[in-house]
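Below is one structure, written out as structure tokens; the observations come after it.
Letters A, B, C and D mark the chains as written, and numbering starts fresh at 1 in each.
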Amino acid sequence: MKKYIDQGKNDTRSGYGAGMTELGRSNPNVVALCADLVGSLKIETFIAENPERFFQIGIAEANMMGIAAGLTIGGKIPFASTFANFATGRVYDQIRQSIAYSGKNVKICASHAGITLGEDGATHQILEDIGLMKMLPGMTVINPCDYNQTKAATLAIADYEGPVYLRFGRPKVANFTPADQKFEIGKALLLNEGTDVTIIATGHLVWQALIAAENLENKGISAEVINIHTIKPLDEEAVLKSVKKTGCVVSAEEHNYLGGLGESIARTLATQHPAPQEFVATQDTFGESGTPDQLMDKYGLNNKAIEEAVLRVLKRK
Amino acid sequence: MKKYIDQGKNDTRSGYGAGMTELGRSNPNVVALCADLVGSLKIETFIAENPERFFQIGIAEANMMGIAAGLTIGGKIPFASTFANFATGRVYDQIRQSIAYSGKNVKICASHAGITLGEDGATHQILEDIGLMKMLPGMTVINPCDYNQTKAATLAIADYEGPVYLRFGRPKVANFTPADQKFEIGKALLLNEGTDVTIIATGHLVWQALIAAENLENKGISAEVINIHTIKPLDEEAVLKSVKKTGCVVSAEEHNYLGGLGESIARTLATQHPAPQEFVATQDTFGESGTPDQLMDKYGLNNKAIEEAVLRVLKRK
Amino acid sequence: MSQLIKYYNSRLDTQKIAPTFEIIKNITMPNIEALEDVVVQTRRDILRMVHKVNSGHPGGSLGCTEFFVSLYHEMMELKDGFDMDGAGEDLFFLSNGHISPVFYSILARKGYFPIEELNTFRLIDSRLQGHPTTHEGLPGIRVASGSLGQGMSVAIGAALAKKLNNDNHLVYSLHGDGELQEGQNWEAIMYAAGNKVDNLISTIDRNGQQIDGPTAEVLPLGNLSEKFTAFGWDVLEIKDGNNLEEVIAGLQEAKSRTGKGKPICIIMNTVMGNGVDFMMHTHAWHGKAPNDDQLETALAQNPETLGDY
Amino acid sequence: MSQLIKYYNSRLDTQKIAPTFEIIKNITMPNIEALEDVVVQTRRDILRMVHKVNSGHPGGSLGCTEFFVSLYHEMMELKDGFDMDGAGEDLFFLSNGHISPVFYSILARKGYFPIEELNTFRLIDSRLQGHPTTHEGLPGIRVASGSLGQGMSVAIGAALAKKLNNDNHLVYSLHGDGELQEGQNWEAIMYAAGNKVDNLISTIDRNGQQIDGPTAEVLPLGNLSEKFTAFGWDVLEIKDGNNLEEVIAGLQEAKSRTGKGKPICIIMNTVMGNGVDFMMHTHAWHGKAPNDDQLETALAQNPETLGDY
């Protein structure tokens, strides 16, 4: 199996911050907005270097989304950032009307997504944001897997015209994608070729999928691993090509099993190539306080859960 | 095929209004809230008869959801009502924290759901509310098919303890379910037995599914028709039983194909009994102004679209 | 992917088409009498639009007709053609999108699109959606509205962009009074004052009505002027928002106060349904169209001036 | 279906368990000195809780300690045990849920749950979640908070229910000052005045700080008293919200003004991080825990009184 090396643990939100620093220097149209969470979003350098291009909105996320929409009228490329819950559920209708339906070139950048937010608990741990954003016509939904990929995605979405939801997280996780890898929106990455089962993972679960694939290899099971960083538009071609080869699939996401990546894959299969699927996702519960690792274990969001799901789905082939 | 008689066209929101009138008389704990849309919600009689149990919130849906949550503390059963867009996307985080996560006994009652809202256009035509509400742990999601069933559902949810999303609409549609039929939350209704294909429809599309089944019968195709008024918890048993018999399924909903009923069914199949499925739903677009009938035609949400979907799915069996 | 991007791009494209018209310049409207003619014709347009499709919002539209005529024909500096950015011109945002009829009539008669297109209001496949939108590429519209309470935030964003671009033009916005019950407005109001967004003039249509009745009964707004003042805005009042001269004077006064560190709020008292006697002073015509007889009566009170579409 | 309903019912059940304790009555806290002891012990609890898990919000918690002690030990009429409805007793809602440490300490020491349970703050499987919730059945909590701006609406709903039930008890709520930037508050503020919710006392923790810095720099709140007054509330100020006698006097004054047709707002000036010299007057400790050395220094400034948990 192909080897991936952790270049040193880092948080994906810092990848966002690094991308913003670079954009601040390279793209004069990029402006940043934040709702009283500058430190958590890691955009201090962007702000220090471009104070006039930063808008501190205060604790008013709805207003932030509207202001971002307005800034596009005048040619700006607003990166509106806060915690994932407050960047989606709190402002769904504002995004819907003033950004998505209005076709505004706003980048909604959401940190602390998912259960790995940790100790703050369920009110902050959104597990529905992928579903929320994927339902909006015209919205692009991206969930990169590590620091490098988050940085690359941040740069890529500045060059893409249209509304984007970029989701990243708080904990330090393995950083294993090449630092110079270009980010192609909507293009799934085949991380490992395999023949028995397809594992399609997004975000923090991509690294877990690679570990699972390695463990499975030791058990004589050949797993294909796909990093599906873009959930919408979904790279259906890549999904179908792989599942047609392997005959079954495990989807893995840090999200409720309802409404997220897993259901998008299930739909793709049901309408084009029915096949057995197992979900690695939270089971329609709220999260809770705990360390990221404890929570990933308790809620079944790690390589062990992926491995078990593979064994289950193989029995159903 | 079993015959269903239209007892006279009526709007489902009037079924809600009638249910509220009855609850006003029978259950002293029921209170009603509305955000400046009393006439549209058809609750004038409830208000006239129980003025002290009605709360006019003004145009402030977030506040309405919080007040509803607070009223449960003190034993009230609040029915918080407005247009579906403003009852879900506008207040997702408020529902999430103050109602769903807090386990409050609030009934969120949403009129003008879907594209049949008509002339007001896309800003008011939510096609994502089923997906929004189904992702919330602990939320029950109900979309009845006609006046009688909406009235019955309104009565039923008052007796159920827990948060409920009840979705209904604006246009006058066939009223064909028995006036005395009890509403059982979570129990799918088998409207017609068939052997070739399963049609699972919700809301306004149930009547369209019956018409489609009749047309199909004339073509020698035997369609099983299920009225899946409760989308969450999904009656997976009924879905699987039918699809195991017929071998394929068409889902029909007045909703985006992303995130809604169709994907819930696709997931159920993928994890338990993979089978070909076709979606009758909007194709990830916003709606537009027009008459309900024109829009149902243009966006492929009628019996013809269901029939075509059946023919497509049969070829894939 | 391609399908989605095509879908999205197709929208962008329509937004970028700069129509090849010239904005009808203010010089053609030199005096109040000429503007009165536009007002009356606009009323006719509103009534005929909503009557034809038996839906839409005449009450608020009629109440704001003088405001729109003053704004577009007297106040705003407008470029020829339409582009989304609106660099080098004044901008207007309609937050209470339900009064689209008056907006569409004004835009059409100002040259943004063919007047005949008013015929397609709220019809399927039309650019004149029930609530204004950029989605169909209608020139003159810069953001969708209809879901209430969002427009001031957008206007602030556009005003901030103007500052960044060293564009000295102004941003205007209009809001319903009932609409101010939406909390997002107060976020925007607090932000605009705190950040000295002094190139923004937000007008409140103070007609005292909303869907379920008088605002005083549905949810009292109290003294709006005090509220805006307490939030740090420079507030002025237009006593009779259906008097053209007063409206123009008020807007000019507001303009003269821009650039002084405070956003400007105009509390504009209007009569809902103004100009049609049986529609006035009630919420009944907030979102209801006249029938044939009612239309006839209403039009008789507003005889043709510039010519019907 | 069964799975979901089971899940939901299991939650309901825990919420209904009325613990078999007696609320520690006010008589045990007869004078200010005794209350001061509670204050100091509460500070210790806060510091030790956040230190243990190296997370949580000491700054706001410390600033509101005198308020919580006054409220729960002097002001509120409380029944024995806990039920969700809270009929026949005063209710309290914490809108700025991040200051859960002070809330948990007060509830535990008032008898709502075992004091030792403070040891489980923010740990996995705990009832003491990072932000307060009903979801785990912790007695004393009636709604989840943490996502800011929602608590006043809930408090209003509870106050309306009390009126419907002819229950003459009061509803108290607490809100951060930065939190008031959320628009939902202003919806609630407008509603409470318009509907004469005069059994509600909402206190604002005016510490002038939020996460990114002083409120005056992040987004100025201006004169809050003027704002609430313009919105129709009866407003009073507590000059030093870290002085027990002042806080109690302010709360008593507020209580005396209830039932007169207006909701009551208390603007309570506090010092973030109060009682720990290096945490005071800065936003730095909004959401940061002390390390071992810092804890030692902080505890030395607040010697044990009622006994550590």
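Convention: contacts are C-beta pairs under 8 Å (C-beta built on N, C-alpha and C of every residue); 3 or more make two chains touch, one makes a residue touch a chain.
All values reported here derive from a predicted model rather than from experimental measurement.
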Steps needed, at fewest, to go from subunit A to subunit D via touching chains: 1
Chain at maximum distance from subunit B, centres defined as averaged CA atoms: D
Subunit A and subunit C, separation of their C-alpha mean positions in angstrom: 39
For subunit B paired with subunit C, centre-to-centre distance based on mean C-alpha positions, whole Å: 35
Length of the line joining the C-alpha centres of subunit C and subunit D, rounded to whole Å: 44
For subunit B, residues contacting two or more additional chains: 57-58, 60, 62-63, 85-86, 90, 93, 96-97, 101, 122-123, 137, 232, 284-286
Of all residues in subunit C, the ones touching two or more other chains: 4, 7, 133, 135, 144-147, 181-184, 187, 190-191, 194-195, 219
Arrangement of touching chains [line / ring / star / complete / other]: complete
Subunit B contact footprint on subunit C (complex, rising order): 4, 7, 53, 55-56, 97, 122-126, 128-131, 133, 135-136, 144-149, 178-179, 181-183, 210-212, 218-219
Footprint of subunit C on subunit D - complex, ascending: 181-187, 190-191, 193-195, 219-223, 226-227, 229-232
Residue ranges of subunit B in contact with subunit C within the complex: 34, 36-40, 56-60, 62-63, 85-86, 90, 118-124, 284-286, 288-291, 294-295, 298
Residues of subunit A that touch subunit C when the two form their complex: 31, 52-53, 55, 57-58, 60, 62-76, 78, 93-94, 96-98, 101-104, 137-138, 140, 161-162, 185-187, 230, 232-235
Subunit D residues within the subunit B interface of the complex: 1, 3-5, 7-9, 11-12, 15, 84-87, 91, 93, 133-135, 142-147, 150-162, 164-165, 167, 183-184, 187-188, 190-191, 194-195
